[in-house]
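Data block below; observations after.
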Amino acid sequence: EKISVAVAANFISAFKEIAADFETKTGVKVEATFSSTGNLYNQIKNGAPYDMFLSADEQRPDRLQKEAWTEGTFIYARGQAILWSANKDFCKAATWQDALKSNQIKKIAIANPVTAPYGAAAKAALQKAGLWDALQSKVVNAQDIAQSFQYATTSAVDAGFCARSATVSPQAASGCFYNVPEAPDIVQAACIAKNAKNKKGAELFAAFLSSEHAVQIKAKYGYR
Amino acid sequence: MTISASIKRRLKYYDLDLSFTCATNKMMVMIGPSGGGKTTIIRMLAGLEKPDEGQVIFGDEVWFDSERRINITPQKRRLGYVFQDYNLFPHLNLLDNAAFAAVEKKEVDDLFELLKISHLKKRRPHMVSGGERQRCAICQALARHPRLLLLDEPFSALDVVTRRGLREELKSLKGRLSCPIIYVTHDIHEALFLADEILPVVDGKIDRGWMQRTITREPGEAVQAKGAREPRLSLVY
Amino acid sequence: MDYLALYVTLKLAFVTTVFLMVIAAPIAYLLAYYHFPGKSLLEALVYLPMALPPTVIGFYLIIVMSPKGFVGQVWGSLTGGSLLFTFLGITIASIIYSIPFAVQPMKAAFSKIDRRLLENAYILGLSKRAAFLRVIIPNSVAGIAAAAVLVFLHSIGAFGVLLMVGGSIPGETKVASIAIYEAVETMNYSAAGMLALSFIPISYAFLLLINKLNRDSLS
Amino acid sequence: MDYLALYVTLKLAFVTTVFLMVIAAPIAYLLAYYHFPGKSLLEALVYLPMALPPTVIGFYLIIVMSPKGFVGQVWGSLTGGSLLFTFLGITIASIIYSIPFAVQPMKAAFSKIDRRLLENAYILGLSKRAAFLRVIIPNSVAGIAAAAVLVFLHSIGAFGVLLMVGGSIPGETKVASIAIYEAVETMNYSAAGMLALSFIPISYAFLLLINKLNRDSLS
Amino acid sequence: MTISASIKRRLKYYDLDLSFTCATNKMMVMIGPSGGGKTTIIRMLAGLEKPDEGQVIFGDEVWFDSERRINITPQKRRLGYVFQDYNLFPHLNLLDNAAFAAVEKKEVDDLFELLKISHLKKRRPHMVSGGERQRCAICQALARHPRLLLLDEPFSALDVVTRRGLREELKSLKGRLSCPIIYVTHDIHEALFLADEILPVVDGKIDRGWMQRTITREPGEAVQAKGAREPRLSLVY
């Protein structure tokens, strides 16, 4: 018995751990496809045989509901944006806003706000802080949130808006970060296909996602 | 079968304009100054180039007729053509080259024997001498059992002895091949020895006086005046 | 290391290369030897997959290959199955994705063939088709080898397109480059590096093979 | 439509093609005419960028081009500037990304040159270098054209690498393929289609140009 | 300057092994059966191939010495070489071909005049006849002001008249060029007319009796026996 799940790329690490746990507990194999949310959505619209879809936003599961691919959506994780730098001096300022105002900062990475929910959240935070226009010339767009972190860890940029989940990785230890409470939570919704091959298995997994065990794993990777 | 052609073609410095006929078992030798149009005529007979006007008729087949807009492809003409610059296929050895379109593969061995290149069968064209390549090209053309044989200076890279031998072979082959043969050469002895008819082509036209002017001392123009100073040939049969 | 993904990658690259050599040769021949109205336009179309970002090609392929799309419908009515998310599906995608790399070097090689060789072939009675097979192809080995190298390696690296059309099903459509993508996305850079490095011996072995075939055909 | 992105794309493709023709020619010559230990390994290395997924190439490029990376440091100490996220940076990335497509067809063309022409060139006193420039290059026009077409179109389609190294800065490093990607991701399919279609006339015009150059050099 | 060579080279069916010397203003004519090794010898003099053993010495320069491991590149030998299969550059027209390595571009026009191909200057090699290509190759070699001239059947595609004219020109050029000339031909008249010395090469060795056997009826072997049946040449000065 197995289920096939389409998973937004930012959730890979947490998902792999949860799925492994789920497999040992239930014996149901989990086959995952990781890609960008937009890509997965396109596949599903064109008949991809996924039982379940873990999106990086709310918008696409909602659409799928409207398009009658699924009967209902649910939220499985809330991500948070943080501001990470490879340079530990960066975090000596009182707030992330002050840190960004420094002349030392030449380039700041954010995920593409047009395509990535984390990018949109970072942009919202910068706007709220009144820094968006001032920092325009320093902003570098990454394809997704993982790439934004790559820029930051390789010192390609002086600081980057990343996912909280990134702070768990070994690379993160060499740098420092600010929380960015001004950035809205990234609400990640999921849904199960109406015509799933293994609907039971998928429902079982959906339930498992909010089990205590899974919540712990999610917390470890910075999701709430 | 008889090949008869009557062709016109505008070239840059003169116009080709001539007619001729050659019957089965006959050999017509084309001779004349370099650049006179011999290769071009041969190519038109082969169907590789189109005359501007005229006909090429082989037996009862019309190969080319400018008025009736007939132009048979080279493939359908089924002829043998030894190119002036022996176009062997570089990716094949001499044997495979000769057997490329052979009617009977066994014959190729005999032809190699006849042309004295049996020992070179496995070599690629770039690994043999100019004269050896030329002899292979002749095998290739003959092995096809052509209905018309076109030979454009086929022996030009051969020494006198080999050449004489092959010339003899060709003459005796003429009867067996039972097809018309058109032969281009610059060697007057060869022409006299082989030809049933000699066709001197000068600037695209037939010029019956050319041979005479060339062999004898008659000083036509500067070049010949010079040529006359060299030892003269006299033909002793 | 993900050996299954590596296996799928090699299988895909191999199948793509073989099929593409057969498909591209006549197209290259057409482009090298014939003149017809709209030829440049056809050529531009053949090369288009190269100029488009892989995700875009993938996007359009999904649309035509989905059960509702034109190709998907035909395929479905013939076999009852689906093309998307199968090995066959990614093979087709990979072939389309790599077509320009096969056609262009072959065309260059074909158009360099000495005209006199073709003339001799026609004289010897070969039809255009036979001359193509017996004269043009064997004398274009270097160009064909170039095409094979490009296609093989390009299929190994293909990723954007395959991820979209294939959906990363282990043993079926999950290729090594997708595994690398996942490793990079999860910030597991050392695993990504390992997999990437494993491409060197593969490319190397393939190049040795092609070079050897190329040399054999010349000597 | 995003004209600025289209402009950057064309500029990039053009600059990449010109530079790569100059860089790839000697490499192709070396591979076509010389035998030395490790040659196949060098060849495999040259072709590696093709076999690697763009994101991986991009990743390694970031590492070497970042201010702390080797190339980035040298560049920084020379000019005081940064390579990443500049037009120069994506040009370098695009050149590395497309090297195999330039080298392979050129190598095939060079190795098809009739040896006798080279012999004659040497007899006429030309050094190997002069023979390369005056005999090999002019007789390889078809292969060079093939290389130019491949490189130009491939640079237009390059996207994964450029996105990483360039950071999608409008007017500087945001190329059309990134705009298409954004359009597809945001489900703005008509805009994506429009941009993708705009590549057809561009590729078409470029092909016409190359074909014309090719023909002129032959007649 | 004098070129002197003493070379050995193992070939598949026989071994090349001969020595010769040719001084400035002298012409040495190599003649002999097809496949006998003439082109191979010329190529070794040009530095395109390496003898297994021996020396090639030009004046006081050592071009090749197997013992001292000296082998000067073709570039440094500065010689003129008309290849048997006229290797013109296909991407250049005849004029550019001839001027390719010319010392003085102006001279090329005179050479074209001399060889009677002035009207073809702007044509590419594939657009002219075989004999015209050959004459262009001669211009190319001469325009370089070579220190040694190697001519491998340079007139093989030319008609008798043109050939006689050029033969004359070559003979008169010999004095002006002031370099040794080595000339390969299959034409015995040409050999007798041009040569200061004749070098008959048979199966890689010098065979002084070859000319005699070939010209006279003396029936040496089958080929010659056949050859003897054809009109005999007698030389009348």
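List of remarks:
Each chain gets a letter, A, B, C, D and E, in the order it is written, and its residues are counted from 1.
Rule of thumb we're sticking to: contacts are C-beta pairs under 8 Å (C-beta built on N, C-alpha and C of every residue); 3 or more make two chains touch, one makes a residue touch a chain.
Everything numeric here is computed off the predicted structure, so don't read it as measured data.
Across the assembly, the mean Cα position most removed from that of chain E is the one of A.
Chain C and chain E have Cα centroids lying 51 Å from one another.
A straight line joining the Cα centres of chain A and chain D is 35 Å long. If you average the CA atoms of chain A and of chain B, the two centres end up 81 Å from each other. Contact with two or more other chains is made by residues 85 of chain E. Shown for chain D are the residues that touch two or more other chains, namely 59, 181, 184.
Touching two or more other chains at once are residues 39, 42, 150 of chain A. This structure has the following touching chain pairs: A-C, A-D, B-C, B-E, C-D, D-E.
Taken in their complex, chain D has these residues touching chain A: 59, 62-63, 65-69, 82, 84-85, 163-164, 167-169, 174, 181-182, 184-187.
Chain D makes touch with chain C in their complex at residues 40-41, 43-45, 47-48, 50-56, 59-60, 100-101, 104-105, 107-109, 111-112, 142-143, 145-146, 149-150, 153-154, 156-160, 177-178, 180-181, 184, 192, 196, 199-200, 202-204, 207-208, 211. Contact residues of chain A toward chain D in the complex are 36, 38-39, 41-42, 106-107, 109, 112, 114-115, 140-143, 147, 150-151, 154-156. Of all the residues in chain B, the ones that touch chain C in their complex are 46-48, 73-75, 78-81, 83, 85, 87, 89-92, 100-101, 140, 144.
Across the complex, chain D meets chain E through its residues 114, 116-117, 119-120, 122-127, 134-135, 138-139, 141, 217.
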